[in-house]
Every structure is written in C-alpha cells, then in structure tokens.
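Dumping the structure here so I can ask a few things about it.
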Amino acid sequence: MTVAITEEAQHVIENVQTGDTIMVGGFGLIGSPLTLIDALTKRDASELTIISNNVGEAGKGLGILLQQGKLKKAVGSYFTSNREVAQWYNEGKLELELLPQGTFSEAIRAGGAGIGGFYTKTAVGTDLAKGKETKEIDGETYLLEKALKADVALVRAFKADTKGNLVYYKTARNFNPIMASAAKYVIAEVDEIVEEGELSPEEIVTPHLYVDAVIKSRLILTKDGVIERE
Amino acid sequence: MIAKRAAEELSPHSIVNLGIGIPTLVANYLDKDNYYLHTENGLLGVTSVEEEDIDPLLVNAGKLPVGEAVGASYFHSADSFAMIRGEHVDVAILGALQVDSNGLVANWAIPGKNIIGVGGAMDLLVGAKKIIITTNHVSKDGSPKLVDKCSYPITSNRKADVIITDMAVFKWKDDGYELTELIGDTTLNDVEGHTTAAYRINEQLLQKETK
Amino acid sequence: MIAKRAAEELSPHSIVNLGIGIPTLVANYLDKDNYYLHTENGLLGVTSVEEEDIDPLLVNAGKLPVGEAVGASYFHSADSFAMIRGEHVDVAILGALQVDSNGLVANWAIPGKNIIGVGGAMDLLVGAKKIIITTNHVSKDGSPKLVDKCSYPITSNRKADVIITDMAVFKWKDDGYELTELIGDTTLNDVEGHTTAAYRINEQLLQKETK
Amino acid sequence: MTVAITEEAQHVIENVQTGDTIMVGGFGLIGSPLTLIDALTKRDASELTIISNNVGEAGKGLGILLQQGKLKKAVGSYFTSNREVAQWYNEGKLELELLPQGTFSEAIRAGGAGIGGFYTKTAVGTDLAKGKETKEIDGETYLLEKALKADVALVRAFKADTKGNLVYYKTARNFNPIMASAAKYVIAEVDEIVEEGELSPEEIVTPHLYVDAVIKSRLILTKDGVIERE
C-alpha cells in the first residue's frame, strides 16, 4: 500500500479507536512522537492499552492521557518517571504490566517478526517471573515471554522518504524501529520528508513496508524543552 | 572515590555499561581511548559532552546528555539488549540497595512501595560478563547494605563478582565474598561493624592489618 | 501466460515476494512503479537489470542478478524473514509440486529423494498475507498436480488462496476451491480430466460454459 | 578488547580447533568469506560442525572442506546446491540438520541475543517439525526452535573501520550480521579497512563489540567468477 503523507496529525490519529492497543516510541521525551501524542489527547478514544517504556511524566506527554482517564492499561519497563501512575494503579483505575526493558524490547520485536514467544534468562528467580512458565534449555533456566503487538504504533523518526522509508537520529532511535514493525497501522512523525531515492538503501532502518502514514513533526524537543516548530 | 576505585577494576578495551548514580561517575576516571561505554538506550561509544555541545536527543540511560565517541554506533533497543543479554558487554557497573552473602543483588524495588519500574537492571545483571557493584557501605539510616539475605526483591539469581563501597572491596571467590581491600582509613573492625553479610578476609590483607 | 495471469491478481502497491521459476517471471508483467518486490535474501525493491549493469553481489533468492529500485532498502536475513513471518509481505507467488483439496501445498521435497533443501518456502507459505500458487496443471509425466491429498510432504498447514495454472484459475472460498476461470481454449472437461482435487465450478462460469 | 587487523588469513584461522562449531556467512557465493574459507581448507582442524545456509557447491567453497572429510555436521536450509552433500549424508559420513531459512536466521539471531529458544509457526505440521515441541499461544500452534551459537564465525563485510565496526554491501549482507553476533570469536573479511570515524555511526550494521579480527579479502566474487585480488 502507499504511505499517506499529511500535515494533519488529527486526521491520521482517527485510526485509533476506543479499546485499541497503542505502541508509543520514546525513552522519556527522547524520540517520543510528541505531535501524535498531542493529537491523541484530543481524540475521543478511551479504554486504551499503551505499550510504551514509560507513561510520560505527570501531566506531560502520555501523562495527559492518564489524567484524561483514557488509559485502561500500560505495558512498559519504567513507570517511575510519572508519579501519578502509581496513584491510578493503587486506586484500581489503571492496570500495569511491568517488564524488564530487554524483555519489553524483545517482545515487541517478536510481535513484529511473527514469533509467538521466546525464552530469556532475564528475571528468572525474581518477582517479575511470578506466574510465568520456565523451561530448562541446555542446563539453564529460561523464562517464557510472549510477543507484544498493537493496533496502532506512533513512532518518531528523523527523516522519511515519500515511499515511507525511515531513518532515525542518535539515541532518539530507541524503541521506534521495533514498534514500527509490530502494529497493524503505523504512523511516523518526522523532522523532514525527502524524495524517494534520497535515503541510501544501506542506511534505511525501517523499510517502507512497515509504514502506513507519515506526518511532519510540529512539537519538537530542544535544549529548552518542547517547543512548537515555526 | 568509589567510582575511581571501580575504574581501576576495568581492563583496557573493555565494553562497559554504567548504571545510574555512582556508576555514571566512573566515566570520569576512564581514558576514553581505551574504553568503550555502552548505554542500553542505544549507543556504543558514550563520551562526556561540553555544555555548549549538548544535543537533547543524545542521552544515556539516566537521560543525561552525553557525547559520541569516534567510531561510535547507534542501534535500537532490541538490538541493544541483544548485546547485553547475549553477553557481549564485558562489564556492568551497577548500584545496589542490598547485596547478600550469596552474591545476590537487590537494586530495583523496595518492599511496601509500588513496584512500577525496573528498566534495564535485570537484563544487565543477567547478561554482562562481569558485574561490579558500587554502593555506599551503609544506607542513609546507617543500616548495612551488605546483608546475609536480601530483604528487598532480588534483581537476578546471578551473583555480583565485585562489590566496591566507600569502606572496602569484596570479590566473589569460590563460594563467597572475600574482603580484599580497605578503602582509606577503614579498619577491619569498621567493616565488621557495618556488614551483616558473610565474608572471608583475604589472607594477605589480614596479615597486614593484624601485624 | 501463467505469470501474466498471476500479475493481474495483484493489487497496486502490494509488497510481493516471488518464488523461483514461473513466479519470477511475474515481474515482467508488473509496472515497477506500482509494486514493491521483496526478496528474502535481503532486499525490498527488486527490479530487473540490464546485462551491462549486473552486480554479482546483487541477486534475488534464485541467485539471479537483479537491480535496485528507487527507494529500495537492504537488510539481513533475520530481518528479512521477520518481515515474512510477521505478515508484512502482502503476497507470495510460489511454485508447487502438488496442491490438494484441503488447500495444502507441497513444494519442497519429493518422497524417496533426499530431503536436503527447503530454503524460504515454509516461511513464505506461513507468513505472506495471500498465497498465489503458479504451476503447470499437470506434471511432466502428465499426472495431475491438483490432487485430493498431497502424497509429497506438505510445506505448511496453511492454505493457498489462489491457484493459477496453464488451464485454469481456482480460488479458495469457504471450505474448498472454486474454479473461477478457464485459460485460453481450455474446457471444463479438460480441467476435470486433469484434476483429482475436489473443486466447485463458479456459478457464472458454469452457466457460460454449458449454455 | 581491541580488534586484530591483519593481512594473514592463515594466522587468524588458527582460532578454529578440531571439533569446533563454525558459522559461515553467505547466500551461495554472494557474501561468502571466500578468503577465510580458503584458509580453513588449509587449516588442520576437522570434526567441524558448519552452520551455513549451504555447504558451498561440489568442490567449491565449503564444498572443499566436505571433500577433505573435515565436516562432522552441517546445519543450514538449502544443501541442494552441493550434490555431494546428499552423497556423504547417505553414506553416514555427514550429519545434517535442515531448518527453514527463516528459522535458521532467527535461531542465529537468538544465539547472539541471549535468547534460549523461540516459537515460530513456520514448519508446524510438516516433516521438519518431527520430534519438536509445539505450544498453543493465543489459539495458534507454534513450534519451539532452539538458538544456534558457534565457537567461531567467518563473515564477509564490505568495509571495517580500525575499531572493527562493519558495514555490508547490497545482498551480500544476508546472514553475515547475525552470525557476527552469535560466535565467541568473530573474523570479518572485508574489501576495505578505513580509519575509525569514517563510517557514519547511524549506518554501522555490526558494532565493533562483536568483532575480534578483520582481514582484507584476497579472493573476491566478480561477474567472471572468483578471482584473486591484485
């Protein structure tokens, strides 16, 4: 299919429906699709399951969705960065699934790669292994972890070409390429859209077959915090 | 001081991952041409950065601004943890809430508090070839952090190889920790008074301190 | 002819993987600006190549020289099969030794011969969103290739969606194949005489052919 | 550790010992480490297990090792390209483990990534599933496949920098990056060795932490077949 290229975040975010599971890239605000998250806060869709390393910060990024009461569940590795997450969780208003960051990343990759589950040594013998199957492989104990998939992925890339191929920027890459592979509908927010052929075929990180829509980023992270692009 | 001592523990040309807190400071004592710092958010070749060169999209696992070494490379999170879990990182230097007589480390959760964050701690502890724990010898309330059995949830069933505190250095040998070094003016008695974990005292150290 | 008919089966802007043999010929009938060809050895954006531009290190899964489309990308084998198994390839066009009444395909091994090669056949059959089988209607010795039950080892327990032969087109509907189209001068009797697989005849086709 | 850079293939190939498991990159001759394979044929090490998509062709590449009687076992997906493989196998002189190419690739990636095993739908219900465990995950049947690891990997890259970072060339990339991650000792054969800093940090495919030694390629594949570099 062809990639949809638009200036209208609000338009593409219509693909998110109540009850959906949404992957959102970013390590804190770094590599976070800020424009798409902003559009999601304005979209009338709730009961969402968010798969993201963190749920933003208190009242920032995905933290706004939490305050809006739109989240049913969060799957991630480090919710500590938003103190309100614990509050909602304790009041029984938010389900949490906490995974070690390596297991979280690998489960997303598995989801995109048609792998149903995998065995890792991480977390064996810890509280995060509770209720999970273990298996001996070649004399070592491994934990079974299931793949993660989503209805929609919101990712942040650096450049897209008009076909939808993506490249990333420094440590803003993080979870974005794997999330782009693991959702039915993938929206990428980028700094720049270039003609096809301008990205080197050897350096493309996310081939266009993964990407459904591309928007130009409006909210960007700078040294002075998040600003609106002129 | 702890960080400086931890730096001395590293072999040149090691691939090193530094945890948040004291471990991050170890970077200040490393010759950047001889060590390769890995950060799990997707960079091999972390360096320090001058204030004026800060790039908000270039950070370490503690979300602090860093620089990019010559010959550095970027990768996504799944590839980064593949390096960690696949035993391609030589050393991880991590903080701890507790370490016990069996070498087990607790550094991700406190009982009674909400368990809502783990990050890369479990992966690093299970995957790095060598684990160095850097920590103050006692917690803020004065209670020992080197205990007989962790009362906090453990991070892995894998043992820490070296513990470096502000009082002493312990190394795992055979079936338990050996106290190999006293830091500064610390005495064997000081260590004994502030440690509930079992440990042996290195033969040479014992002779030197008791002669 | 089979290849040309298979090309008509594709929606514009599909991601298509072409197997070895007849499937490879499908590329000749596709408008290169409207289709994206994936080859499992690591390229999205396969095109044909002129003799003088051949690069020995740029080949398709049949090890034949190919070209690189504008906007193409390269990736390693694990990433390539992640695309296939993860259902990111829209259509795979594959050859077959046999296809049976249950939609099962045999295209990788012959009983009695050594089973020493499978390549990407099983992954493609299990992972592509739509499977089109292109094959001669009968084998070289004249025996049907569309059979009631595969006597050759099956490649997957996943059904083929469309079968295109030199005699007819069949599409899987509900619980079995429907003969939807006759190729060239082929009659319903011809198909019946050379097919041991169960199939229904499309209502409109039946009316047209028997009036 | 620092990467060893040498002109002497014969010297680095000394790391291969009798009884070792060796991964060898390449899809046929494309992206195959021809110089290192040549060195291996001259090395006195036998009882080898080769993990490679094919065992070269009859009397070519890894096919020579077969003729030399140095192979105990081959693990791959397409041995058909060397007719002698079947012969040795039938005479009981060579063990074979045949895997679907996607499973083969994924098992190597898993080996490098500390994953003990994974569940795939590929080959479920086929002869290649015989004797393997299956598991229902979310209503679908998956097959358990174990990770593959090796003592030594011989890979072919395009360029290396002096740190040992690698980039690849077109479809000569194939199995090489994953094999470079899954062996204790990794030797890369390259066309060109550049100064560190000359490869863009965003385009490095194999970071140097995976690579132990780099040699310059002497035997290269051209339109006219394999030739010796001048």
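A, B, C and D are the chain letters, set down in written order, and residue numbers restart from 1 in every chain.
Note that in this section a contact is a pair of C-beta atoms (placed from the backbone, for glycine too) under 8 Å apart; a residue touches a chain by one contact, two chains touch by 3 or more.
Model, not experiment: these values are computed from the prediction.
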Shortest hop count from subunit B to subunit D along touching chains?
1
Suppose each chain is reduced to the average of its Cα coordinates; what separation in Å results between subunit A and subunit C?
35
Cα centroid separation between subunit B and subunit C, in whole Å?
55
Let me have the rounded angstrom distance from the C-alpha centre of subunit C over to the C-alpha centre of subunit D, please.
29
On a C-alpha centroid basis, what's the spacing between subunit A and subunit D, in Å?
33
Mind pulling the subunit B residues that touch 2 or more other chains?
68, 74-75, 81-82, 84-85, 126-127
Spell out, as numbers or ranges, the residues of subunit D touching 2 or more other chains.
106, 109, 113-115, 120-121, 168-170, 201-202
So, with touch as defined above, which chain pairs make the list?
A-B, A-C, A-D, B-D, C-D
Name, in rising order, each residue of subunit D that touches subunit B in their complex.
1-2, 109, 111-115, 161-163, 165, 181-182, 196-197, 199, 201-202, 204, 207-210
Residue numbers on subunit D that touch subunit A, as the complex places them:
106, 110, 113-121, 135, 137-138, 140, 142, 146, 167-170, 200-203
Sort out for me which residues of subunit A touch subunit B in the complex.
27-28, 30-31, 77-81, 85-86, 89-90, 96, 98-103, 105-106, 108-109, 120-128, 168-178, 205, 221-223
Residue ranges of subunit C in contact with subunit D within the complex
39-43, 54-59, 63, 68, 74-78, 80-82, 84-85, 109, 114-123, 126-127, 153-157
Under the stated contact criterion, what part of subunit C meets subunit A in this complex?
13-15, 36, 38, 44-45, 68, 70-75, 81-90, 126-127
